[in-house]
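Every chain is named by a letter (A, B, C, D, E and F) in the order it is written, and numbering of its residues begins at 1.
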Amino acid sequence: MASGLVEYEEAAPEVRAVYDDIMTTRRIDKVNNFWKALAMHPPTLKRTWESLKEVMAPGALDPLVKEMVYLAVSTTNGCGYCIASHSVAARKAGMTDAMLGELLAVVGMANETNRLATGLQVPIDEAFRRQG
Amino acid sequence: MASGLVEYEEAAPEVRAVYDDIMTTRRIDKVNNFWKALAMHPPTLKRTWESLKEVMAPGALDPLVKEMVYLAVSTTNGCGYCIASHSVAARKAGMTDAMLGELLAVVGMANETNRLATGLQVPIDEAFRRQG
Amino acid sequence: MASGLVEYEEAAPEVRAVYDDIMTTRRIDKVNNFWKALAMHPPTLKRTWESLKEVMAPGALDPLVKEMVYLAVSTTNGCGYCIASHSVAARKAGMTDAMLGELLAVVGMANETNRLATGLQVPIDEAFRRQG
Amino acid sequence: MASGLVEYEEAAPEVRAVYDDIMTTRRIDKVNNFWKALAMHPPTLKRTWESLKEVMAPGALDPLVKEMVYLAVSTTNGCGYCIASHSVAARKAGMTDAMLGELLAVVGMANETNRLATGLQVPIDEAFRRQG
Amino acid sequence: MASGLVEYEEAAPEVRAVYDDIMTTRRIDKVNNFWKALAMHPPTLKRTWESLKEVMAPGALDPLVKEMVYLAVSTTNGCGYCIASHSVAARKAGMTDAMLGELLAVVGMANETNRLATGLQVPIDEAFRRQG
Amino acid sequence: MASGLVEYEEAAPEVRAVYDDIMTTRRIDKVNNFWKALAMHPPTLKRTWESLKEVMAPGALDPLVKEMVYLAVSTTNGCGYCIASHSVAARKAGMTDAMLGELLAVVGMANETNRLATGLQVPIDEAFRRQG
């Protein structure tokens, strides 16, 4: 209802151009449902893809770390689609069972201690205060 | 009101034992407010510290990656105390400005695309479905 | 398990009265599953409906804006049921594809910049501080 | 900026009527800042107070349990104001240090296991499925 | 993809030992999918179970209250698996329809007023401020 | 600690170029702390500003509606900085007290009913199901 999925064959040229760039950049031969759904609003499709391409490129952090951070955030937010797709992406980037196990252990502990610190209204230590 | 901070001098032996282990493990000479606040309930102090020590130890993921994941989750949840303390911890573990910049860029994009995928009710691709 | 759905035919008089008011107010001939589930606790059904009727009525904001705000919040929280039902409601109130596209773009950007501001511990500008 | 606080002396009659009912019901002689802020929109003040009065009254659950649930939710959401005010309210209703310690331990564990279950995409057991 | 479910028959001895303790402690004859999924990382399985066993044991709060708090947090976070499993657990611990109705009413109101307090940037009353 | 604020005078040319565009576009003579903090990572500063400029421009939705949606999301997430800055921005775009009151009433109700629908595990009505 919110939107349908725009297949390549029926896509407008501006949408096809984004699909083509996604497939070329990622060396794949079809795009995920996420992009097909975003295509209902071509400016958002284009902007989101270009931002994501820039942000997820190798840099000071390597792509596997970035994929694991993506998975950590998606897990914290409970986004089912994102967990499914980024679990696969992280696996492709080299994540092992042991790495996933430790990643989720950290995500779980952080969610737990976030609430302990918040619920106890713990004042920030002087040593942690921001320097302007 | 929720609790006070338990200083080492006034702490019960079971609390002191945890403080001592924190200081020894982390090679520091005083504990953060987080632990002093948790000490209002000694079983939670002990259990939380032991879990955290196990989870944050080097393993399949290195400590810097674990600290950055902690920061990513704390940022997503908006825990001010945790962001302040884990920003410092990540810096100590080697996080540079460029790494922090990329980390927050990924955290921001994940939070954005989580909502795009959710709001558009994107169906999970067959290829991403869980294998039992 | 948590509850079943209470159909009109089996509903107690106090529940039927609420169902009748929902159908009359919204000019529809059956109520959604949300109300049928809430009917497991009649006081919550009645209070929730009366609050919602008051809050969503035309006022300083028009009903379409209210429906889009509802959808923005439901998307941020990841409530699948609410996204499905309020997407339909917003469409009925006049939301076009272009409006949905822009709405989700704003929702996505807000979720992204919320974390950038939080993760960087940005101090509130003096100009934004609350006047008492 | 978002709003100021409406003091009793300057309040319109409809606002004073709500303030009076709050003070009478709770046997206190002044209202909290929460109500003074809500008074910037009298219909929201009145509706919120009436709902809260109904919801927090003794019933199948006793007031202390209700206050602790309120604190659990506020802690999960990270609402600083709400944690501060409901910590005090729960103390007044009889919450001891040991009870607060156990409450936060449960809140922390639930936040942790919520993410473990979500991140691992655990399928719901047949035995837990909802019966219609 | 993220993980499979480890059945008892195929489980390593360290995993079986945890399964055995879960079944003995809870007087049941098979473990939930949650534990079978966690078993992909045995240290997390063991640590999580031991923490949960300690936290959910009777203490200053009774087990029914703890189950309801768990359900309140899981509902706030939108964890479908956790809501399904803890709804059943709370029922087993004695939660009636009326108790569930009141519980969700409190959870709903807390989520509502958390945002009203936050959105209006309500300053914390002096009387609620934390004493060090 | 996480970062400092980069003032115009000390900013690198690529940062100044963004600051200049912000000031020109918004017809203001200095940039907010948010941008000064983001400047610690120039690529994120530039990408975020360009995305925001595109997303918040007048389109199918007018700027006041967009600002109110931003405020609704920021309130739901509890981002203090964002609530402070977008409350001011919404006021400048024409938001009255009555509009803010109704906006927060909708935000509050949506947060409440999101949890009622989720906690009761309400199945999505056939009529709301997505058409592919």
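The rule is simple: a residue touches a chain if its C-beta (ideal position, glycine included) is under 8 Å from a C-beta of that chain, and two chains touch if they have at least 3 such contacts.
Everything quoted here is computed from the prediction, not taken from an experiment.
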Path length in the contact graph (subunit C to subunit E, fewest steps): 1
Shared interface partners, meaning chains that touch subunit A and subunit F: B, C, D, E
Centroid-based (C-alpha) most distant chain relative to subunit B: C
Between the pairs B-C and A-C, the one where more C-beta pairs touch: B-C
Centre distance in Å when subunit B and subunit F are each reduced to the mean of their C-alpha atoms: 26
Between subunit C and subunit F, centroid-to-centroid distance (C-alpha), Å: 20
Multi-partner residues of subunit F (at least 2 other chains): 1-3, 5, 40, 43-44, 47-48, 51, 55, 76-80, 83-84, 87-88, 98, 101-102, 104-105, 107-109, 111-116, 118-121, 123, 128-130, 132
Graph class of chain-chain contacts, one of line, ring, star, complete, other: complete
Subunit E residues within the subunit C interface of the complex: 78, 83-84, 87-88, 91, 97-98, 100-102, 104-105, 108, 121, 123
Partner subunit A, residues of subunit B touching it in the complex: 1-3, 5, 32-34, 37-38, 40, 44, 48, 51-52, 55-56, 59-61, 65-66, 68-70, 72-74, 76-77, 79-82, 84-85, 87-88, 96, 98-99, 101-103, 105-107, 109-114, 116-125, 127-130
Residue numbers on subunit C that touch subunit B, as the complex places them: 71, 75-76, 78, 80, 83-84, 87, 104, 107-109, 111-116, 118-121
Complex contacts: residues of subunit B adjacent to subunit D: 1-3, 40-41, 43-44, 47-48, 77-79, 130, 132
List of subunit E residues in touch with subunit B within their complex: 1-2, 4-5, 43, 47, 51, 54-55, 128-132
